[in-house]
Amino acid sequence: MSLTHFDKAGRAHMVDVSDKDDTDRIAVAVCHVRMLSETLSLIESGTAEKGDVLGIARLAGIMGAKKTAELIPLCHPLPITRVTVDLAPDAGLPGVRIEATVKTTGKTGVEMEALTAASTAALTIYDMCKAVDRGMEVGGLHVALKDGGKSGRYEAGA
Amino acid sequence: MSLTHFDKAGRAHMVDVSDKDDTDRIAVAVCHVRMLSETLSLIESGTAEKGDVLGIARLAGIMGAKKTAELIPLCHPLPITRVTVDLAPDAGLPGVRIEATVKTTGKTGVEMEALTAASTAALTIYDMCKAVDRGMEVGGLHVALKDGGKSGRYEAGA
Amino acid sequence: MSLTHFDKAGRAHMVDVSDKDDTDRIAVAVCHVRMLSETLSLIESGTAEKGDVLGIARLAGIMGAKKTAELIPLCHPLPITRVTVDLAPDAGLPGVRIEATVKTTGKTGVEMEALTAASTAALTIYDMCKAVDRGMEVGGLHVALKDGGKSGRYEAGA
Amino acid sequence: MSLTHFDKAGRAHMVDVSDKDDTDRIAVAVCHVRMLSETLSLIESGTAEKGDVLGIARLAGIMGAKKTAELIPLCHPLPITRVTVDLAPDAGLPGVRIEATVKTTGKTGVEMEALTAASTAALTIYDMCKAVDRGMEVGGLHVALKDGGKSGRYEAGA
Amino acid sequence: MSLTHFDKAGRAHMVDVSDKDDTDRIAVAVCHVRMLSETLSLIESGTAEKGDVLGIARLAGIMGAKKTAELIPLCHPLPITRVTVDLAPDAGLPGVRIEATVKTTGKTGVEMEALTAASTAALTIYDMCKAVDRGMEVGGLHVALKDGGKSGRYEAGA
Amino acid sequence: MSLTHFDKAGRAHMVDVSDKDDTDRIAVAVCHVRMLSETLSLIESGTAEKGDVLGIARLAGIMGAKKTAELIPLCHPLPITRVTVDLAPDAGLPGVRIEATVKTTGKTGVEMEALTAASTAALTIYDMCKAVDRGMEVGGLHVALKDGGKSGRYEAGA
């Protein structure tokens, strides 16, 4: 077992994907932001008239997906064809659940783009709410689904 | 209680910090990446000769801190004066624990920079190891310490 | 009369501001997007439940201000301390009026940042609505106010 | 009539273009910068020996086209295959007329890239000349031509 | 003989490559950093336990390749499919020899990407070692190999 | 003797400059591009009417200086206050000699910014002329002068 981002001498490289086919690929990543229930109430009321925290986090997540190849050193640049970021308040956490979906037609998968989108949306929620709740925590960030490409379909927990 | 990133009509803005003093500020953020113990072994052996996953994640985290104001919509650009990212294997997780420290002399805090550094380092570990372990999960991302500025010292759990 | 962005031989340079003082500076830029009245109605209804065009344009404008020194070749990078972007529907145009305000404490003015914020917000409105109205036009982009620094206060039309 | 950048619940997303064909696409955007006739004279004389304002604005426009997907939140990243930016002094304005042409072979149109190129060139003229003429105004920014893709050919005023 | 980056009137443009085929392309660029032999010894010992200068320069080179179209004004953005950066200590220089290889499947060559990767790796070595050796010099930066596309194979010195 | 970019355990970090004073700093870097004399003639004639290679390289160098902290992993972001890039044809090389000067008022030196400006200008010349001369070579890139800050004045060859 070895890591593909290194050559045989252990030196990092951007893996050669020249010979891979351009196929339709999709990835879904999820995470959550745990917070005080007062903070969640503020977010929920805010959507209407006090300031749209979730709308801004959604946009930051979408734009973050486009920055993935700049942030992750050995990531290939990819022509993303779709990004959605869903944010759902969850009183049970209490907090917000985030799900990011990214698609491309390309030579490598888009799980890093989906993870970056979800993570950036979560960080943006922290930034928007930190003045009232410094103890927020981001957790559960993982790939829920990945499909397309030679390695086939992957579903977390499946 | 209201969110400072919105004006009275609920419209987002970048908060006015013109009148704040330039003071020394520090923030520490932490998170972890949980993985298969086989993956952790690979990372630990790799540091020596098979490829330095933690060294690359450290660098990605440091560079990520410099991108914070591009990623987080309402963040102020800041002249960062120090960034360190520590990554420690933890067999008990099993996985890697990440701690990012950022300093500046400026008008606003650097907790978003520290969170972005820690998060980017974690995502880079995922990228480097995903070929052998798709089920990794990033969690526990929070601000451990923040000091400097008018709001005083904050320590998580203190 | 000569242009400060060129030396005596006509070669472009980034002007030396080393000896200038760090002073509080502000600039306001305005523009408008003219569109079909049906498009404006769509935007106005959308703010409530169908999609927040103005909220997204506002955020794009704020983030655009931070990219000014990357876009404008001879602009100095500046630590922006405040950005607001106001967007007001105007049935008389018909269309949307945009006003961007930027502040800094620095060695040069921020009128380019204000113009870039207003312009980016306008382009984002075009992008969001182009599927229903290709004939929209951006106009009237100018500096409405500039203050701070040695050259004193400027008000358009004053 | 609805806006494609929002889903049925009014949430912003980057539209799915996975199933669209890669076709040849072109867009042309135009605008102008109105200024004092003295400023225009300075620009025109400058091309020869005093500093090439139009050459710098042209380059800024070309580079700006490549930044479109970073500036406009819901824009897809596209592999641009051609950019030209023409700048023509017009004594009648008085000022400079700008026309930007962008081509790609891709799944979505390039009108945003053309608009961004024209707009960035105009802002750069403002920056270069603002020391002698603060009252300049950018106007008339619109899509003059768009072709390729399923929606067919569009010509402004046609 | 004329330069393709200008039109007939001498105005810069991004060359139209719309009609070119997507073909497999490769380019190799090389350079070296000359330094004091004590500096080279420090780098060589460092790889083991004192700090991995070459590992960091390698990563900077790989990430630099992805920034080529942002740095070089008339470069087309390209979907890079492979980057490797090799760094070999050479006691005879004394210094470090750098070789960067870039591949793509696209409409234009990748020699600028290879040159940018090699150059960025060299600058990073300078940055890492400048505290002990300010007199380092980067030289010999050229394209060693280019293949793919209509203009055929090129080998330096062949 | 040790490298400041690593801590005692050999881990890379961005050095803490929080306690350094903001002082005026300057750095000058030089390099050259060697080419066929026919290529140099083309560049020299071009300045007048066939396309301004040196003007474009100058602008690319100035803009490149602003990207230094993005390219060089452990570089601190700095508020540059001046950049000039001079390009002089030299028939003796034959080729072009490049000199970049950068100033700041800050906590660290600007030699990396000057080197990046010179290097980016050189690469841009390569890009503009590569269609007629693939064998060009960039060499002699070094810091010619550095002043300001605690370590005092440095002049190459002095």
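The letters A, B, C, D, E and F name the chains in turn, as written, and every chain counts its residues from 1.
We adopt the following convention: contacts are C-beta pairs under 8 Å (C-beta built on N, C-alpha and C of every residue); 3 or more make two chains touch, one makes a residue touch a chain.
None of the values given here were measured: they were computed from a predicted structure.
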{"item": "Remotest chain, chain B as reference, centres from CA atoms", "value": "D"}
{"item": "Same-residue or different-residue interface between chain A and chain E, half as cut-off", "value": "different"}
{"item": "Taking each chain's C-alpha mean as its centre, the one farthest from chain E", "value": "C"}
{"item": "CA centroid of chain C to CA centroid of chain D, Å", "value": "16"}
{"item": "Chain C and chain E, separation of their C-alpha mean positions in angstrom", "value": "37"}
{"item": "Whole-Å separation of chain centres (CA-atom averages), chain B against chain F", "value": "31"}
{"item": "For chain A, residues contacting two or more additional chains", "value": "11-12, 52, 55-56, 59, 63, 67, 70, 73-74, 79"}
{"item": "Chain contact graph, described as a line, ring, star, complete graph or other shape", "value": "other"}
{"item": "Each pair of chains that touches, named by its two labels", "value": "A-B, A-C, A-D, A-E, B-C, B-E, B-F, C-D, C-F, D-E, D-F, E-F"}
{"item": "Touch list for chain C against partner chain F, complex", "value": "7, 11-18, 69-70, 73-74, 76-79, 106-107"}
{"item": "Interface residues, chain E side, partner chain B - complex", "value": "52, 55-56, 59, 63"}
{"item": "Footprint of chain D on chain C - complex, ascending", "value": "1-6, 9-12, 31, 38, 42, 46, 49-53, 56, 59-60, 63-64, 67, 70-75, 111-112, 115-116, 119-120, 122-124, 126-132, 134-143, 146, 154, 156"}
{"item": "Chain E contact footprint on chain D (complex, rising order)", "value": "24, 55, 58-59, 62-63, 65-67, 79-86, 103-105"}
